[in-house]
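Starting off with a structure, shown below.
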Amino acid sequence: MIDLSSSESLVSDDIDLSKTVGEIYADDAKMSMRNVNVFYDEKQAIDNVSLDLARNQVTALIGPSGCGKSTFLRCLNRMNDTIPICRVEGDLRLEDEDIYAKKLDPVLLRARVGMVFQKPNPFPKSIYDNVAYGPKIHGLATNKAELDEIVVSSLQRAGLFNEVKDRLDAPGTGLSGGQQQRLCIARTIAVSPEVILMDEPASALDPIATAVIEELIDELREKYTIAIVTHSMQQAARVSQTTAYFHMGKLVEMGKTEQIFTNPVHELTENYITGRFG
Amino acid sequence: MTDKNPADSNLAEQLSTTEKVALSLRKRHRKEKRFQWAGLMAVGLGFLLVVILISDIVLKARPAFHQHWVKLEVEFRQDWLGVTSSDLAELKKANYRSVLRRSLYGMFPDVKGRRDKRSLFKMISTNAEFTIKQYLLDTPTKLGKTAEVWVRFDDDIDSYLKDDYTPGEAGPRVSKQQAQWLQQFLNKEIVDKRWNSEFFTSGDSREPELAGVRGALTGTLLTMLVTLLLSFPLGVAAAIYLEEFAPKNRWTDIIEVNINNLAAVPSIIFGLLGLAVIINIFGLPRSAPLVGGIVLTLMTLPTIIIASRASIKAVPPSIREAALGLGASKMQTAFGHVLPMAMPGILTGTIIGMAQALGETAPLLMIGMVAFIVDVPAGVTDAATVLPVQIYLWADSPERAFLAKTSAAILVLLSFLLIMNSVAAILRKKFEKN
Amino acid sequence: MENDLNLSHHISKRFNEELEEVRNQVLKMGGVVEQQVREGLKSLLDADQGLAQRVVDTDIEVNTLEVEIDENCTKILARRQPAASDLRLMISIIKTITDLERIGDEAAKLGKNALKLHDDGKIARQFIELRHLGEHVSATLNKALTAYARLDVNEALEIIQNDRFIDEEFDNISRLLITKMMEDPREIKSALRISWCARALERIGDHTKNICEYIVYLVKGKDVRHTSIEEIKQTITE
């Protein structure tokens, strides 16, 4: 899942990568990360990255393959904990709470910071059970009626309910790719997280399904803070308010999406989003 | 782009390329054909061998499922029986052998000499006196009267009738005289060939016409049950721990290598271990399905662990990520998602292990399950034997009728295997559906 | 990062070619328009009827070029979805050709007025100021187009700054013409024609200034329209 191989070098030697240009701080930050370093054994995957995720906004992380954007995203709900050789340093906070604190249980963190993955990965269970799983294990519902309520409202918010309301018992794996991904989003929001991390959520989908997901992301912004990793620059431009450009483990530039896509400051950003080589 | 006129220059090349491809295509097709034929031959040969084997066994086993009976007119005379009243306790102790003998001699009044008499009596199964005893105990009113009772022929006569019957001529282990007497039985039309249900309902016996597989079948069932109950949970638990929880370090590497080695250890070693540790140190009973099950568990465990690990490894990591991402604990992920998805593979591995265990004899010999046991075991601590051992024992017996019994027992073993596999297949289907 | 706007070096060579082509078309259109202006002025000053007619006719060529470039831009926008500098290039081109087309229109007006003055038997040659204004405007247009070709922000800035001189000259001509009309009412008709020509030249100057503002936008990514010179300078040096 995690591509450690660095991509073809897009950087020429004389370009300054030492510090991020643009606005990394948000006035109202939901999560703030400072001086984050991530290592896989000896190899450094993230090099001194600081940024804020603004509340109720979509922050897009873009950059070439192997630039560390997915790795960074996975730090935000400690999914990297499952990789034994992965080491995370720095100060990562969710509402001023250190998410790498010893006493913080990653299970609790993941209930607050949900994740949607690149490939739609519904459980091989019914649609209902897929959505009900999170609330069940966290004890969010005390009885069946409450659980039903959560499942229905989550499916509704994910814009899937009308399509599946007659077949909640059908297996989730039988849905189309786009529906599966929306099921995964419904499953994630059923736990009522505060932040949703999305790792290339539409990369496996056709344009129509992608548009539906993007529309959904924009709607979800009202309630959640969202960070999305994407390879599609058009998608980043469409869904996000803030864009961060990663390059070889460093955060090169971060700023308002419209600014990044019309007038990026850093040459590397410019080269990347216009499809140039340096 | 600099190439000015690619069409002209490439045309000639393209043509020759097409020809080259066509040429190599013919070669490839021929190769494919040859390979297909070879594959078909291999499959056909294998199939043929299986058919030959099975039909040979079936043909050989057929006689074992039938038994020849003869209708005797038995006079339950009180003086022959040596009883004074129809008291049940007295009837139980009565001399039925004498009744049987005299009734038989009555049917052949011209048989006079001691040798001839003995020869005549030998034609009837030794079990016949118990048959008539049971008959009288069931119907005590027949005391003092003559009754027609069906009794078994001896196995030699039975085999002669099944395989070598030539009217009035001697056969193997059947004298000319006996053959002629037999002819008289046949002429009177008091000989009957019946379905031998005793084969399935009785235990082992020295007399082939009485020997059955029930004891061995029950022993096998109990042993397999013990093996399954021990090896499946242990194997799956070990596999889950090693795959999902254990840190990857030198210790887990050593454990992995050892498990792989354990799978290659000759099974008789496990038998020795069972004898030395389970019987001698822990003092569990000899010849018991419990001990057999434990020993076979040791043998099956590596197979199940290896298959389960492979199957768990094959579960897509995206499922684990999905569960972890929702905030499921490691334990919830492993048992709620990974295990159900790995189950079909685990079941396959378990069945392979169990099938191996089912056919295993060597370790069981070491722990005494090779003993001659007539009784059907009632529990896991009773002395018992298992089907493969039974087959081995019968195959080793000199009596001709045991040849058929051996084949029949093999058929029973194969059926057992088939049923076990079918159950696993059904379970697998069920898990795959979800 | 000075004015080194990099329009090539895309991974897609075809994209490079497309951008290059549309840019060349714009420069070509600029050349046509510039010549139109110069010839319009010449036809006016030299009372050259044939030349004046040609200037009027050239308008068709300019319009065709505008449509072609628009189409090409639409194609690139649809197929390449340009971002950042490529996006700014597209937008600046679309805007620039509109202004170029207007310049063409104004130049055609010069030609038309030259024809009409000729019909009236008047010659504009006597108006030395018109010649001066015209030469100034066409020189500015030339400079602007060069700046556009070279993406030279400093040059563009200078042109924006110097636009007020054109405005001043126009005011001078207006005053002169008013004096003339007051002196001799018979001259009113021709003086008005001359005034329209001066007005056209002044408009050309304004359009030229717009083009220079697009150059700044293209290179610096800053919209400098409707801002004072000082503010522009400040944003650029930032």
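A few comments on the model shown:
We just call them A, B and C in the order they show up, numbering each chain from 1.
The rule is simple: a contact is a pair of C-beta atoms (placed from the backbone, for glycine too) under 8 Å apart; a residue touches a chain by one contact, two chains touch by 3 or more.
Since the structure is predicted, the reported quantities are computational estimates derived from the model, not experimental observations.
With every chain reduced to the mean of its CA atoms, the largest distance from chain C is reached by B.
Put simply, the chain nearest the middle, going by average C-alpha positions, is A. In this assembly, the C-alpha centroid of chain A lies 58 Å from the C-alpha centroid of chain B. In this assembly, the C-alpha centroid of chain B lies 101 Å from the C-alpha centroid of chain C.
Look at where the CA atoms of chain A average out and do the same for chain C: the two points lie 49 Å apart.
Touching chain A in their complex are the following residues of chain B: 247-248, 316-329, 332, 336-337, 340-341, 434.
Residue ranges on chain A touching chain B, taken from their complex, read 1, 77, 79, 82, 84, 107-111, 114-117, 119, 121-125, 133-134, 137-138, 171, 184, 187-188, 191. Every residue of chain A that touches chain C in the complex is listed here, in rising order: 233-234, 237, 260-264, 267, 269-271, 273-278.
By the touch rule above, chain C contacts chain A in their complex via residues 1, 6, 9-12, 15, 81-88, 221-222.
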